[in-house]
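Here come two complexes built around subunit A, the first alongside subunit B, the second alongside subunit C.
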Partner chain A sequence: MVDFARVQKELQECNRDFEVSGIKVVPKSDASLAHLLGTITGPLGTPYEGGTFKIDITLPDGYPFEPPKMRFATKVWHPNISSQSGAICLDILKDQWSPALTLKTALLSVQALLSAPEPDDPQDAVVAQQYLRDYPTFMGTARYWTEAFARTSSLGVEEKVQKLVEMGFPDALVRSTLESVEGDENMALEKLCSG
Partner chain B sequence: MSKRVLCKFFAHGACLKGDHCEFSHDWKAPPNNICTFYQKGVCAYGSRCRYDHIKVSRLVVQVFSQLFLLSFQLLVDLSILLVDQHGMKNLGILICQMNDDVGELRSVNPADLPICSFAAAGNCPHGEKCPRIHGDLCPTCGKHCLHPFRPQEREEHVKTCEKMQRNLEALKHSQEIECSVCLERVLSKSAPAERKFGILSECDHPFCISCIRNWRSSSPASGMDVNSALRACPICRKLSYFVIPSVIWYCSKEEKQEILDSYKAKLRSIDCKHFDFGNGTCPFGTSCFYKHAYRDGRLEEVVIRHLGAEDGNTVIAKNIRLSDFLSNLQIR
Partner chain C sequence: MSSSVNESTHWCYRCRQPVRPPTLDLICPSCDNDFLQELSEALGNMQSHSRDRLAQSFYTGMPMLGLSEIYKQRSPIFLNPHPAIEAMPSITITRRHVKSGLQCPVCQEDFERDTEAKQMPCNHLYHFDCIFPWLVQHNSCPVCRLQLRPESNGSKIMRALISFFWPFGGSSDQNTQYNLDSDD
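Right after this comes the complex of A and B.
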């Protein structure tokens, strides 16, 4: 059974200094605290700078004695993060987990992983190869992916709506879709295209 | 001297001490039938009391005792005088009573006198006029309970009082401490059984007993190594081989050692269920915290066998069982 009292405390603690840490965790639905959505900002001085990355968090029954399951919901180009599934290769989320770690400290570690890639222990072999063989291209791709998938907050709602309407979607549908994905224009676009 | 007073229990046919009784079992001995409550001031039974309501003022006794020291004969004379005041009935009692008091006063050792228990408890209704000695103020507990003439008792009281005070302060300080796993104050947890710290032997990070035990016993199926991850402190990852339960958190190394020692001493008094009075084998062997004793109280003798290892070093041999060899045996 997940220790929800602790999760509740963690959420309060974590969201208190969002302005400083740039880390936020919110429940995905009001029904359960076992599914959460974390947000981290790309570290300065990296190709991920300026991006806001969303991370899917699922708490296993044994939490906090078992590590939380984390996966990038935002697409990211990084040797230790799968470009397809968003799976993260980080020891503290696996065998080096400790119950003294919290969602916030785990997300901070993920943020640190963005600034310090480990291409020798890769999750995504293609990205790792590019990192080792052609570093400038890697930097370019990572920056492009950040621009394309992780940059949402720079535009206002009206601008997003306008952009999507220009693509040929009806205004009302764009607005309702944007609302359903909390203003994430990439996710809205995906939804509009699929539905 | 009290041999001369009739035993109250004997009088009711119920003295268990028999010949060893310090009171007289001779019906001719005068009975001590004076109500002690009346003497001290108030007897709740009043006129219905089965004991005699006689006031023997301390002053009179003291005068008598001094006179007694001078001459016993004179005392007897004076006692006869008293007969007129109190009547024949109480003559013997009074003499005995006086003799007792004289015995007490002759050795005039103030250390033998008890202190006033009212004052020791906080407030004496007699105040300055109290016939008993009032103890000195204990600076720690704030009560007048230090006997002015018993230095050993004083020292002991001050010592225990200070220890209790330290414990109280430690408890107060412990209230604030949070467990890093459940993020709750350990001593404010909802389940009373969980309001206990689990102290790690090798580091000083606080956890509640249930959290740290939960972590250490969580199944290694999740890919975590027992020795490197689970036995380690969740914060500093230092390996600790055991957890000490404690209701207070310590402030110094000495206090931690004290908690550890008392815990080990307590376990040593409990018989090991694995050892089972010699019928079983304890997997912890010589390092077991529990008592390894046979039914007749004899302690287990520890025999350590040293063996030469392949590399030339000496190793301590573990118990070898025949079944260890048999399990590898192929039966055709």
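Right after this comes the complex of A and C.
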């Protein structure tokens, strides 16, 4: 059984200093604390700067004795993150997990991974190859993906709704979808398109 | 032999009973969690006869007990508790601990005055219930990752725990559902 008392505490703790850390975790629905949505900001001085990245979090029953399952919901171009599935290659999310770690420390590690790719232990072989053989192109692609997928726009909710409704999606569905991804219109669009 | 016992292949840490996962997915059939360990591994290299009987006492007597309850209720018959657990001192939480805001790193609750905590060799403190499930499968302090002595690894601790309740000597009413020798 997930230790929900601890998860509750973690969420409060984590969201208290969002302004400083740029890290946030919220439940995906009111129904359960086992599915969470994390947010990290792209580190300054990296091709991820200026991006806001959503991370899909599932807590296994054994949490905190087993690591949280995390994957990027926002598309990202990085040697240790699958450009297809968002799967993350990070030791503390696998065998180096410890129950003294938290969702926040895990997300901080993910954020640190964005600053310090490890192409020798890749999750995405194509990205890793590019990183090692053609660094300028890697930087360009990573920056482009940040622009395209991780830029939070300054549009208000109603403007986002209008934009998506104009694309042909029903109003109510647009609103609920936007809400489920915390107002990220790129993710909402992706969700709406995938049905 | 009860066939339901023979079919169990894994120990569920949530239900605290032997279970048989339906697929290779390793999910407990009664609670759906995946916090399972192979029964044979959990039982270590005990002799097969003992293992069968042990599984029976697991099955009939143990399901509802928490680990610390099992620990506390362990039979006085058993004379050789494992050093790894025995050597880990219990300390009583003092006012000083409470004042310093000391928390159990696993559940992240403040320690309460006059309660007991387990002290790892590195001095890190945990509730017994919080550190035990970790030590069953790992060999290190969650905070500083200090390795415990190599001989006190997870499976050996598990073996020691099992030794505590076999031969099963807990309250007899829990043990009467199944006569251990009836089918032999």
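Basically, the second predicted complex is superposed on the first by the 159 of 195 C-alpha atoms of A that agree within 3 Å, B and C clash if a C-alpha of one lies under 4 Å from a C-alpha of the other, contacts with A are read in each partner's own complex, and residues count from 1 in each chain.
The criterion applied here is as follows: contacts are C-beta pairs under 8 Å (C-beta built on N, C-alpha and C of every residue); 3 or more make two chains touch, one makes a residue touch a chain.
Worth saying up front: this structure is predicted, and the values here are computed from it rather than measured.
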| Aligned on subunit A, subunit B and subunit C: do they clash or fit? | clash
| message | Let me test your reading of the model: by the given contact rule, A:69 touches which partner, first (subunit B), second (subunit C), both or neither? | response | neither
| said: For A:61 in the superposed arrangement: first (subunit B), second (subunit C), both or neither? | reply: second
| said: One more residue to check, A:175. First (subunit B), second (subunit C), both or neither? | reply: neither
| query | What is the contact status of A:94 with respect to subunit B (first) and subunit C (second): first, second, both, or neither? | reply | first
| Of the two partner chains, subunit B (first) and subunit C (second), which one does A:1 touch, if any: first, second, both, or neither? | second
| task | Return first, second, both or neither, reflecting whether A:163 touches subunit B, subunit C, both chains, or no partner chain. | result | neither
| remark: Among 6-14, 24-32 or 96-104, subunit B is struck only by the subunit C stretch 96-104
| query | For subunit A, which residues lie in the overlap of the subunit B contacts and the subunit C contacts? | reply | 3, 5-6, 9-10, 62, 64-66, 98-101
| task | Could you pull out which subunit A residues touch subunit C in their complex? | result | 1, 3, 5-6, 9-10, 60-62, 64-66, 98-102
| field | Residues of subunit B defined as touching subunit A within the complex | value | 180-184, 205, 211, 214-215, 218, 222-225, 229, 232, 234-235, 237
| request: Going by the contact rule at the top, pick out the subunit A residues touching subunit B in the complex. | output: 3, 5-6, 9-10, 62, 64-67, 94-101
| task | Under the touch definition given earlier, write down the residues of subunit C that touch subunit A in their complex. | result | 13-14, 31-35, 105-109, 130, 133-134, 137, 140, 142-143, 145
